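Next come two complexes built around subunit A: one with subunit B, the other with subunit C.
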Partner chain A sequence: MRLRLPRLLLGLTCLLIAVWLVAPTLVVIPMSFADKKSLAFPPTGFSLQWYENFFTNPQWFGSLVTSAKVAVMVALVATVIGTMAAIGIERMKSRTGGLIRAVLITPMIVPGVVLAVGVYAVYLDTQLVGTWAGYVLAHTLLAIPFVVIAVGANLAVFDARLETAAASLGASRLKTFFTITLPLILPGILSGALFAFVTSFDEVIVSLFITSPQLKTLPVQIFSSMTRDADPTVAAVGSLIFMATSLIIGLGLIFGTRRRGA
Partner chain B sequence: MTLASKGAAIDIRGVSKFYGNFTALDDVSLRVEPGEFMSFLGPSGSGKTTTLNLIAGFTDLSTGEIRLGERSIGHVPAHKRNIGVVFQHYALFPHMTVAANVAYPLKQRGMGKAERAQAVEASLRKVQLESFAHRYPSELSGGQQQRVALARAMVFNPSLLLMDEPLGALDKKLREVLQLEIKRIHRELGSTFVYVTHDQEEALVLSDRIAVFNKGRIEQVGTGHELYTAPQTLFVGQFIGESSVLRGPHRSAGDETALTLGGATLTVPGAAKGEGPQVILLRPEAATVQAPGTGPRDGRTNVVAGTVREMLYLGSAMKYEVALAGGGHVIARTATQESPFAIGSPVEVAWNPKDSTLLADDGSTAAL
Partner chain C sequence: MASDTARPPWRGPFLLTLPALAVLLLVMAVPLGVIVLRSFTDPAPGVGNYVWFFDTPVNLTVLARTFKISFWVTLCCVVVAYPYAFAMSVAGPRLRLLLILCVLVPFWVSGVVRTLAWVILLQDSGVINKGLVWLGFDKVKLIRTQLGVTIGMTQVLLPFMIMPLYAVMRGIDLRLLQAARSLGAHPVKTFFQIYLPLSLPGVFAGATIVFILALGFYITPLLLGGPQSTMLSTLIQQQVLSLLNWGRGGAMGVVLLVATFGFLAVASPFMRQKYKISGGGR
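Presenting the complex of A and B:
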């Protein structure tokens, strides 16, 4: 009995924390099926009209497509640049390397608003506001730190002596990179790419500054919709994204464990 | 691809390697004959691995020249040297099967698929691992991994094979088995082998000749027998095999030198080596232990008194450690005796002067 009570308390605390973490996300799902145009919880009726609105309204669906396109380009550019940077830093093994790493990671530390103001000021002069290039450039800046960190962590456990061995077996440096280094740090590169994608897909602050009525990303659309009126389409978007990410992470977990088990 | 290019000679001429102010290798010259099995022996930091890395092209030369056969390779990039290397840490590619690992160097050389598969199988057969072709390195034991590494290093028939303490991570039993295998493979391939080790026994077992490294220089190059019986420096004498070192004031007369130790005068053939202090190096099997007062007999004219400090029974032999009255100690190995001298008993140690070696005292102390 003396042992049970603390255990019960511990279990209860854990449950509360779990609810606290998940509830805000889960609240969105019933709201998305609301029958009236209000963000009330719990909703009074049931309808699928907000999902329909999301897929048929070009404002909404167009912003999703924009976001996806930008995020894919950011993932590509940031992964290539970040991976090369991480490898370079790892090879330097000196103070300069640490310094460069610190500089590359600053976008993660600098407050988003500060960065956004700076980006906006530069974009006004260079006419990048509301352009594809503008979004990709700004988001890539924000995504590179994640790639550098993810690939760097993988490189730290990569046995560089394998590259020496490859050289002794007749492989040039480029061949060694593609046949030995790249396959072995691929998990880090992939998780870096995923982080980069999410960073861009999720980005609000800088995007709000550089947005234009013609080219809007999904977070900007959500934000402006929320500030204008209470549109349950926001809840529908939230539910869809929640479902999609859960599916991706779930598949990733299943796939990951299966590979490790093999 | 041409098969079985026989062993090539290595010519190392005046090679040095500096790291900032630190001299890792100091003007080393050495020739390894075609098909020879040469060991680089020395303590850690003696320059043996640096020399190997220079031959392989993993580090850049500071000065000097390295020739492999007719080719000057000192400034050729590592991947164009066509030298097989076996590492202590195996360095197998973890994301490739055993077969893919062994095929890797052949792929780099553009060998066709069918020919490649044949060569891989033949190479794996040489190390008795043909049934492991589809395993991954992580599924193999340390000894098996090193065999794969060996198969991979020799599959492209390099005229030179370098091995950097390849058995260092394995236990003693496995090491002995693999030593014999490496010896057999050397005979079969006919390539030149350079083998880096800090284990003098390993070097003696494997090598045609041994180069003894110390502090970035080569102390002596010779067969195991030459190094054991005629060391040119005290470092070599102490690094190879067991020995006792006797120190004392010396006096040279013609072709003989006498060293005074306590009350005894010990003679040794040869004039003093240089101006400095001299030592006598004595192998355990050259010394006998006898009852006090026995004196010189059977040509064993060097006699010193002492006390038995340690007595070890080794089965086929006995080992005594005798503390000398005049300071220092002598290790003597004798045939098993019916009634051995007990620890603490006074004895005499005697030996024939020609079984001991006079060397300059370079200040080295026993390696182990």
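Presenting the complex of A and C:
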């Protein structure tokens, strides 16, 4: 076959790119077991002290709890608001719908620091700096685009005639929504919720501006630790996040394809 | 039950979008409005902050550098993502799943953690330099250089290039290539006349997103970069948090906003354009 050489080259190139995508992140795993307080590679010795530090030091563990709580609240609020908006946009089927959709996606495009400075200015005036409400509000803004896109994509393939059928058989609007529409767009809503959770859990730029020593999220804690000193605890956190993420995505992909394949 | 065959037209759709729009107004529109306002009023009304911005050589250097780094990052992303997305679009289901996994895992692991990994790799006593010394080469200065920032940013932004490219390539009918080949076209000619034009909307979509995100990048340049690779975002943060100069920081923010949305306005027509296969005329 004449195609063999190009195919081999393509395969090799992709292998290199895949390694380049994944491998750099893997480097945090050996670093997390270092026995000295240093981020020099390769680490010497073996210890679990950085994992212990992460789970026992209130600075670290407290920020994890804060991040998890904020992310759960954001996932709830952004998913409800974003799903409502996506349904509204789908029903408009007009220029207004497209316009509102474009507007709702802008938080993804606005440069993070510009948004952060503005939010900080407003929060200083409204005493929202370093508060739960402050974090949830700002992260919800950043999560809404993901929910609108995920639910919107699901609604686009949803057969609206099913609703008409339900209505013609006498179901009320609410009943139609909860028994017909909601179950059918649930995959979109769930993936939107997951995106919203991760967006909030990872958000660092706006959080850096609106943080306070009393209420800090995990990315802020990681960032300040990295700029302060070479503490391998960041590598331990990184490894935990990496493993949790791989597990969730791996399971999601496996079950997602299995269901579609069935 | 009351008959509901004659329901009044439902005016709900717009109301449904109101909560989301309210969040946008409160946490995005008002804050950005405050920035624009301060850039014109703080410390004195007028365009003084903008005059200062465009009169200070350092600012112009950083602005030019921001565009330059973003351009290189975008170019690197296109070059790296193109073969990868192509392989994704032609691979069998199992291999495709693996390739997608390799894109998604780094995409979902937080940017801060990935930047930390790059710090470990690129630092003077880092993995790459240790490897170079081991192979008998000299150490290369990577951290706190533009090269290091470009490498790190390209890896962080690559998924944003691969996904739209893959979405477009998946829809390309590969039989067109077979048809061209069977009519005697050389593979290289087939690629440039048929495949490349059909995949261009994906290239434009991905490149636009990567370029826009790169313009506003903050964490990666801050942690991987040094004084010689400062980008506009870092300068804005310094003005506001270190110098407490809201007016100047605001003016810089407006410049970055205008650059971002200006570029988006220029680029968006290209993303939607459908490319016809030219019949040999071009």
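Basically, the second predicted complex is superposed on the first by the 250 of 262 C-alpha atoms of A that agree within 3 Å, B and C clash if a C-alpha of one lies under 4 Å from a C-alpha of the other, contacts with A are read in each partner's own complex, and residues count from 1 in each chain.
Keep this in mind: contacts are C-beta pairs under 8 Å (C-beta built on N, C-alpha and C of every residue); 3 or more make two chains touch, one makes a residue touch a chain.
Being a predicted model, the structure only gives us computed values, none of them experimental.
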First (subunit B), second (subunit C), both or neither touched by A:Ile105: neither
Contacts of A:Arg161 with subunit B and subunit C, given as first, second, both or neither: first
Which superposed partner A:Ala68 touches (first subunit B, second subunit C, both, neither): neither
Subunit B versus subunit C as contact partner of A:Leu76, first or second or both or neither: neither
Which of subunit B and subunit C A:Ala235 touches, first, second, both or neither: second
Partner chain(s) touched by A:Leu169 [first = subunit B, second = subunit C, both, neither]: first
Which partner reaches more residues of subunit A (counting touched residues only), subunit B or subunit C: C
Subunit B and subunit C footprints on subunit A, overlapping residues: 167-168, 170, 172-173
Complex interface listing, subunit B residues touching subunit A: 56-58, 77-85, 87, 89, 91, 93-95, 104-105, 108-109, 152-153, 156
Subunit C partner contacts - residues on subunit A that touch it in the complex: 6, 10-11, 13-14, 17-18, 20-22, 24-28, 31, 39-42, 81-82, 84-85, 87-89, 91-92, 96-97, 100, 103-104, 106-107, 109-122, 137-138, 140-141, 144, 148, 167-168, 170, 172-173, 198, 201-202, 204-205, 209, 219, 222-223, 226-227, 234-235, 237-238, 241-242, 245-246, 248-250, 253, 257
Subunit A residues touching subunit B - in the complex, by the definition given at the top: 159, 161-162, 164-173, 175-176, 179-180, 183-184
Parts of subunit C lying in touch with subunit A, wherever the complex brings them together: 1, 4-5, 7, 10, 12-17, 19-21, 23-24, 26-28, 30-35, 38, 80, 83-84, 86-87, 93, 97-106, 108-114, 116-121, 123, 125-127, 130, 155, 158-159, 187, 212, 215-216, 218-219, 223, 233, 236-237, 240-241, 246, 249-250, 253, 256-257, 260-261, 264
